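In what comes next, subunit A is part of two complexes: it sits with subunit B in the first one and with subunit C in the second one.
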Partner chain A sequence: MAAPAAPATAGRIALRHRLADRGMDRTLLLLVPAVVFIVALFIYPFVYGLQLSFQPQPGSETVQRYGSGPFADYHAFFADSYLRNTIWTTLKLSLPAGLFNVIASVPIAYRMRGKFRGKRTITTILVVPITLGTVLTAEGLLAFMGPTGWLNRLLIDVGIVDHPVRFTHNYWGVLFSLIISGFPFAFLLTLSYLSGIDPTLERAAATLGAGWWQRFRFITLPLLAPGLAITFCLTFVLAFSVFPSAVMVGDPSGTTRVISIAAFHAAFEQYDYSMASAIAMIMGAVELIVVGLVLGWRASLYRGASGGKG
Partner chain B sequence: MSAAIATERKGLALRPGAWLVWGAVVFFLLILAGVVGAVVVDSFGTRWFSGWLPSGWTSRWYGKTWHEFDLGNVLVVTLEVAVAVVVVSLVVGVPAAYALARRTFPGKRVLMVAFMLPILIPPITYGVPLATVLYKFHLAGKLSGVILANLVPAVPFVILVMTPFIEQIDPKIESAARMCGARTRVIFTRILGPLLIPGMLAAAVLILVRTVGMFELTFLTAGSDSQTLVVALYYSVSAAGIRAQQEIDAMAVIYTLFMLVLLVVALRFVNPTQLVTQIKERD
Partner chain C sequence: MSGSKISELRLDHVSRGFGEVLALDGLDLTIEGGEFVALLGPSGCGKSTALNCLAGLLPLTGGSITLDGRRIDTLPPEQRGFGMVFQNYALFPHMSVRANIGFGLKMAKVGKAEAQRRVDEAVRLVQLGDHAAKFPGQLSGGQQQRVAIARAIVLEPALVLMDEPLSNLDAKLRLEMRTEIRRIHQTLGLTTVYVTHDQEEALSLADRLVLLREGKVQQVGPPETVYTEPANRFVAGFMGYRNELELPVSPGSGTAVGDKTVVLGDLTGTRREDLGETAVAAIRPEDFTVGDGPNAMEVDVEVVEFQGREQAVQARTAGGDELHLRVQARLAPGDRVTVSVPPERVLVFAADSPAAPEEVA
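And then the complex of A and B:
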């Protein structure tokens, strides 16, 4: 018995050594809790939701109208213009908000990239709206930009308008809230990308006689572009999932009925979890398409040394 | 002195671009001050229908909102959720970050992508299926469900923050300790532990702030007695009309103060540009 056992042990040790050579040893056991966690609370719900979205809920409106085939919920979503239009409503809010945040932060960050007194104060103040979150921003916008708020009062007293301008409970209110909570984030990211660009490159261009516009257009901007693509993606993702502000300062049944409201409505007001999962999947797909397009464009850009670390 | 000021003025006057940029910054900060200021002023006013300021001042709204919304309880729930999320996410995340920082193994890239997805996908997208699963197992609507849901972005965040932090600790220190006869457990408690504390503190504070501010996941999974402050605020706003606007604003001010205290504590440990480099590493 002892003779056959010896090679087996040797084989086991060899396997263990072979695995250790590739970095597989007992240290990897430390990963187990995190892997179990991510599988149980992220991957399983996601797969469950995906599978649920192909099984229309019996007795739901979808089944009565479009049958119980696997794609009935998706069919229902795209056939109903009230649901289908939520995609455009969301894109109409999140694309301008993302673009504005990125484009506005470029000149400001360009001006502030050097060292000056009070820079730390300004960056600290700009972190505040990130921590306040959308709920408080929306509440503040209602008070500040409402019909009797300070902004309308100022506009009337100065004589720019005769009647209060409607800033809240419409498209603009939501856009403002997205800019207030998204701009500081985009600005801080752009600033850190800009400070990663070697300033001597611009000076070299200046000695060759390039004006500030040429220096910005042909030196800084190409190096900054990959970083801007990432910044855009992150602010876009934040704006795309807008939910509380679309309800609070928006017009949740009309012009700002974004896709997350539709998903929430299906899940917790109609209790049609299949439809809600289908909407969540469509939401994820649309978002990943936009992010994929931007990242695809980014892949075609120069990303070498002294770039904005993008 | 006056000559220096004059040249400085001239320098500024020569650049309309600089004025435009600084004007935009001041404009943004003014709007920000207006948004926060309007809420604070209203919460202390007796009545404010017209005019620049309320007709009188009072602090009774704070007492009223505290009792009517049972804010003491809400604050306790908020802290319970936040502390539980911080502790569990550190216990689960730090060992994983250690393994990811020290070993390269087949499938590591796939694992990294799986850990990054909950941060890149917006909460509502995975929150709806997650809430469905939690309701299926009768966990949603309770404190445990809220904690579990909030852990989903928190654990990847710990891994994201801690992996580069552990990478920059020299592995020779561990080898030296091992050579001196330290066992694995001793290495973790006596050698790595103290070295990791600054990183763990930074991660803990950031998660605390994120969890207190996290609306979507808590909103999708909370029941009536497991609401956090931000969800209670949302409900009070969307059910406005029953209660005085000032009460809601008082609640918003309490929330702001709560966040501000956390922020001040956070900024003692983390610097805001560090926040950005951490975000940058998501790429």
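And then the complex of A and C:
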């Protein structure tokens, strides 16, 4: 009785071992929640939106003007300069915001690495804006930088300007708000990339005659650049999807009519979900192009170990 | 021999404190051009602090450093022109071996052709010909160490600083690189300060040793002197005097015979400093011989380790003291033998002078 059972057991064990060799064992089950989450909240809506964008809504303006072919909504978007220009409007906000956040975070993170008293306090202050929602940030900006806000009162009292300067309800208001909400991300990422660079490398460079700028230029910056590329991509994508602040502190019908406003307009004012989906897809494509260019540049950099002890 | 570029580096009462603690307490040292000086001591003795102060990576809290009469301790590291080899090599991971070695030349704005020639020369000197185009990540530990050395010496610096450069290598490579460092020093004659906790490394490499303990100098001298005539109990322990026998000094029995020879109970030794109430006799394991002779004592063999030509033996005296011996005679645990040691190899120190830490004793 036992004799025939033995080979079967051996076979089962062998199979399990063979699977384990390829990294397949029961710990894979830990991935289930993540897979469900991604499929339900990302892949399904994305695919749904993608197919919706190829089915122009009957009776919509698109169908009347460009027919009901699968690319009619895309055709409509690029034919209408009012829609098409939202790409540039958004890029004009998100590229400078992303660049500024990365460039500004480098010197601050550079100064903040290592240990010193009060580091935790300063980090907390720098990171607090993450916890404020965009709406709160926008409200704050209106109160602080509006025509009767503290900033303008100060500028007038000091005598720098005669009339209140317009900081809000225009391009600058949105840019400020993107910087306030994007900088903490950029700073935290840059700080962690910088902390990963072995500080003895700079000391070695110093003993070889490199001054602080040369140490930064030839040692730290090249080792940090791949991390900065990733940081830029993340803050850029965050800024590209700007919506509440473009409405609240911007000029949503003019200089800050960003692409997400166009999508919102199509979906909830014209009830043209196909057009809204097409705009969302275009939005994604533009982001992918920018991210792809940055990552392509990053691939040409040194990306190996950057020291660290041992 | 190209010889050294400096004639004298003076450290006057160099001190460095971290908060309340003085890591380096008034180091006075004059290094002559071309000399190879080793700073030796257990971890936390201030040797790395001293090196970092010399390199300019740590500011001094007191004292001064002068190079040929010019005060340099106020200069930042990039203006001192010293080469430094770091414990973890600190090679620039994004640069090839050639670019690493040539970095200093680039900073010094040496012309392309000249820089190329000097990098080639340095690559040849450290025998890295085949690897010059590789990146540090593609090299073994020993090769990385060669790059680090080449990078530090390519500028022919006034002073080469080495911070435990061999401690990350395995035993065989360590011996190989030790010879290499000695060879490079003989070839170029660059003044070198070498930090290590390994007395063997220091003894074999240096022209002069500086022994440090808790930031204070214990002894300065050539290897031979430090090895045979340690200044105090700490240095003796560090230099391999593993046996320390505590002996009372009574006014009657502890009389000095002649100038240096003292008799303490059954033991006759050589006095190295003024003694208090108790003395410590420090004896190197290899100074014992099996058989009758001066300072003969009977011991019971407890543990025997085979070490090739010799045996390392742990034995116990009749008085219960543990003794470490290295003898050629073949002994076995349980043997009772008589061992002896000449009085000039029994160094007697005051017992209250600090001992070397356990791990190196």
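Worth pointing out:
Just so it is clear, the second predicted complex is superposed on the first by the 266 of 310 C-alpha atoms of A that agree within 3 Å, B and C clash if a C-alpha of one lies under 4 Å from a C-alpha of the other, contacts with A are read in each partner's own complex, and residues count from 1 in each chain.
Methods note: a residue touches a chain if its C-beta (ideal position, glycine included) is under 8 Å from a C-beta of that chain, and two chains touch if they have at least 3 such contacts.
None of the values given here were measured: they were computed from a predicted structure.
Within the superposed three-chain model, A:Ala299 lies out of touch with both subunit B and subunit C [touch as defined at top]. Contact with subunit C, but none with subunit B, is seen for A:Phe218 once the two complexes are overlaid on the shared chain.
Touch criterion met: A:Gly140 reaches subunit B, while subunit C stays clear of it.
In the superposition on chain A, A:Pro129 makes contact with subunit B only, not with subunit C. With both structures placed on the common chain, the touch criterion links A:Gly209 to subunit C but leaves subunit B unconnected. In the superposed pair of complexes, A:Leu201 makes contact with subunit C only, with no contact to subunit B. Measured by the number of subunit A residues touched, the leading partner among subunit B and subunit C is B. Common to the subunit B-facing and subunit C-facing surfaces of subunit A are residues 309-310. Looking at the complex, you find that subunit A touches subunit B at residues 22-25, 27-28, 30-31, 33-35, 37-38, 41-46, 48-50, 52, 104, 107-108, 111, 122-129, 131-144, 148-151, 153, 180, 183, 188-189, 191-193, 230, 234, 237-238, 240-241, 243-244, 247-248, 260, 263-264, 267-268, 273, 276-277, 279-280, 283-284, 287, 309-310.
By the touch rule above, subunit C contacts subunit A in their complex via residues 55-57, 76-84, 86, 88, 90-94, 103-104, 107-108, 135, 137, 151-152, 155, 161.
Residues of subunit A touching subunit C in their complex: 198, 200-201, 203-211, 214, 218-219, 222-223, 302, 304-307, 309-310.
Here subunit B touches subunit A in the complex through residues 17-18, 20-22, 24-25, 28-29, 31-32, 34-39, 42, 48-50, 52, 91-93, 95-96, 98-100, 102-106, 111, 114-115, 117-118, 120-126, 128-133, 148-149, 151-152, 155-156, 159, 209, 213, 215-216, 219-220, 230, 233-234, 237-238, 245, 248-249, 252, 255-256, 259, 262-263, 267, 272-273, 275-277, 279-280, 282-283, going by the rule given at the top.
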